[in-house]
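Right, one structure below, let's go through it.
Letters A, B and C mark the chains as written, and numbering starts fresh at 1 in each.
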């Protein structure tokens, strides 16, 4: 982490919060409670780390009022910034930090190696990284950042304040083919829709969002997509939903608002997930889920030998159930 | 979807089929039966949507003869184009539509930012998008389209009429290492083969196809690969097989013709799949499959609490079977 | 495979080993025992292919002394190169072959289309392929090769003798957000760490390695990563560990040295895997593994009909166990 030259006063002035302790403490880095040294600021995200807080060498710790009191009682000598939500305060601190690091290092807004098509509309302060390709009639909202080597397809829209990481492909053709029953070949269905992405969306490296077949693929405001995610054609993802790395969402699936999908999970096509549905990592969603909640389907990890026995037995499970039923009948009849 | 100015007569003249109704109806868009308005054309892919057909506002619907008759009896007022395979007709309509949209918007065949190696052979009407890299001695057949930011490795061949989407990497090194037993390190096996891709193959965004170790990796005619797929070295995929997004095929696997593999499935190395094998999404193929058919292996999704109980029990499943056997013996002996 | 004009003597002179047979045999290709013709060299990696060895047409076979004797007794007429580890010898042969193929075809070390930031440090003989992006303050060690279209993010370090394949993204932001409880939105945690990669690391096509939140993401010496792998922020991977294609490692996971992870497996966040842990393909690691060994968790593949029955029963498994217990009680009480 690159250091920034700041004081406790600078931070509180920028981000608010009550400062308990000296405003003149020099802060060079942000660090975890365990690793923090005397020129670091840290934060207590959960009371379960309270003893680490008390023992921390940090110059300053962001914490709730009660937790700060306990730590001081237990011997913590540094300053505290009091916040009702220290983790959120920490997030905002990282943003302030990043802005200070970026000062003086401003880059060209549109990198000269980017390839920009015809009739492209770019909002104010849009940044387009090196070797991006923006195809004809694409639209990018104000303040959105495209890192290097992003492809934004023809007619696709990205909203304001979005971040698109390297290698992302928005607007490749959806996977649509009709079988030709006579020749037994696949006949391409041209993908005539586009992709529409809302505001404040972040899209991770090498993620792909396909254009729709007839209608558009839609990603609503505030959605966060991690790396290497596949979003099929005509998918619709609701506001503030977050998908972890390597998730695959098949064509025409609709995912509600405020959902989370764990890494490597798969959502099959044409399904609907209600708002606030949470899918565990690596689970496969094979039916619509109309009730908010937490859903899982993973084969539990085991040592290989035990797994082999259980997996072999699993292939007879239905038969075992029948045998159990049979025994129960005997019991009833005796 | 961008609109095209056409009439029912234009469509039938281009694509055939019997038109029942006016040849002068103005068609601006293709839409689903539900969404179609009075200037849209739609299609009935399955009789189960017959009631949507009857209620549709579409100017014209592509349908089988019997279905059209039923819809008209039930009050459908629009025109019909009669086809034995409406979904295939629809696919061809999207292709005709795309060609009309592209007219007047012809791009340079080889984008000036593409990096083309030495002794590369390009067939007639090949298109190479912005910022592609075609390495030395690569060969591309006639009419094949490489979208932007594709890498085609040295000595690799792509056939005619292929479509390769953005971010695809063809011909990176296969994953091959020999263990050095003395130093406990991995020693690279240089990948000296290449990749050979047939005609009419489509490859989705950010998909990777590795070059072979000694022999070539082979993708036969008409294969369709979705986005973010991994094809290991020396894999062989037979004609007209389709793989959905995020599939992984490990090295030296052989997949037959006319197979389908669902999204996120994994095929282990050195296995053989016969023709017309269909693997469900997210299933793991751990043994060769020599019989055509439909195969699945997914842990069923459940609410998290129920899953936890069942998953915990699953780790004792072999033991449960033994206990059941024991009980059955008692029953026999009593 | 492109041929090289060599003799058995050339090979033994370069790579060592005892040659039994003529030093003047012309070698044009490396091939498997099955496919080898009279101008090919092959190798016996395992005694189980001994009968293929005896029947091989190869000009020369790399083999252990005892295996070579058996093959000659069984009628093998070609030459042999004796090595205690024929597979390792083969790996080194492919490297020698590659160097001979590359001679005379030297390319520019830094391709003119690569975009190189400010204050970048490149070691001796570093190669940077076409259309790479090396951001400010990045460091690349001696002899490392970046193939085309790689992104190396600001402040990230890659060691010596590494190979990075096309489309790789090193140093995109980790996936870190704090929930704003009031607005129910995600607030970005700026990722202020970087990525540090050791020596002799290979990274497959379109793989992503995210930068750390505060500390760095670390990949140690000799690690081998296949294609389309996702490495989250603050992951630590120990020396000589190998991950197959499509693996996902979530944030802050620590994987030991000399581990292997099969294709498509998922390692959840904040877990620890000891040295020499081996995870089967497509397994999900949901808890730390502190003991070396082989671990698996895959739903066994079955024909779809059988799977449906077993999967349905699996959702009642805990209940079945309870019923079994009940029956056992009856047995005891009778």
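One rule holds in what follows: a residue touches a chain if its C-beta (ideal position, glycine included) is under 8 Å from a C-beta of that chain, and two chains touch if they have at least 3 such contacts.
The structure displayed is predicted, hence computed values, not measured ones.
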item: Angular offset of chain A relative to chain C [C-alpha, multiple of 5 degrees]; value: 120
item: Shared interface numbering between chain B and chain A [over half = same, under half = different]; value: different
item: Cα-centroid distance, chain A relative to chain B, in whole angstrom; value: 26
item: Residues of chain B touching at least two other chains; value: 131, 149, 167, 206, 228, 246, 264, 298-300, 302, 312, 314, 316-317, 320, 324, 327
item: Chain B-touching residues of chain A, taken from the complex the two chains share; value: 113, 115, 131, 133, 135-136, 149, 151, 153, 155, 167, 169, 172-173, 175-181, 184-194, 206, 208, 210, 212-215, 228, 230, 232, 246, 248, 250, 264, 266, 268, 279-280, 283-287, 293-300, 302, 306, 309-310, 312-314, 316-317, 320, 323-324, 327, 330
item: Residue numbers on chain C that touch chain B, as the complex places them; value: 1-2, 29-32, 35, 85, 87-88, 90-92, 94-95, 97-98, 101, 105, 111, 113, 129-131, 147-149, 163, 165-167, 200, 202, 204-206, 222, 224, 226-228, 240, 242, 244-246, 258, 263-264, 281-282, 298-304, 307-308, 311-312, 314-318, 320-321, 324, 327-328, 331, 334
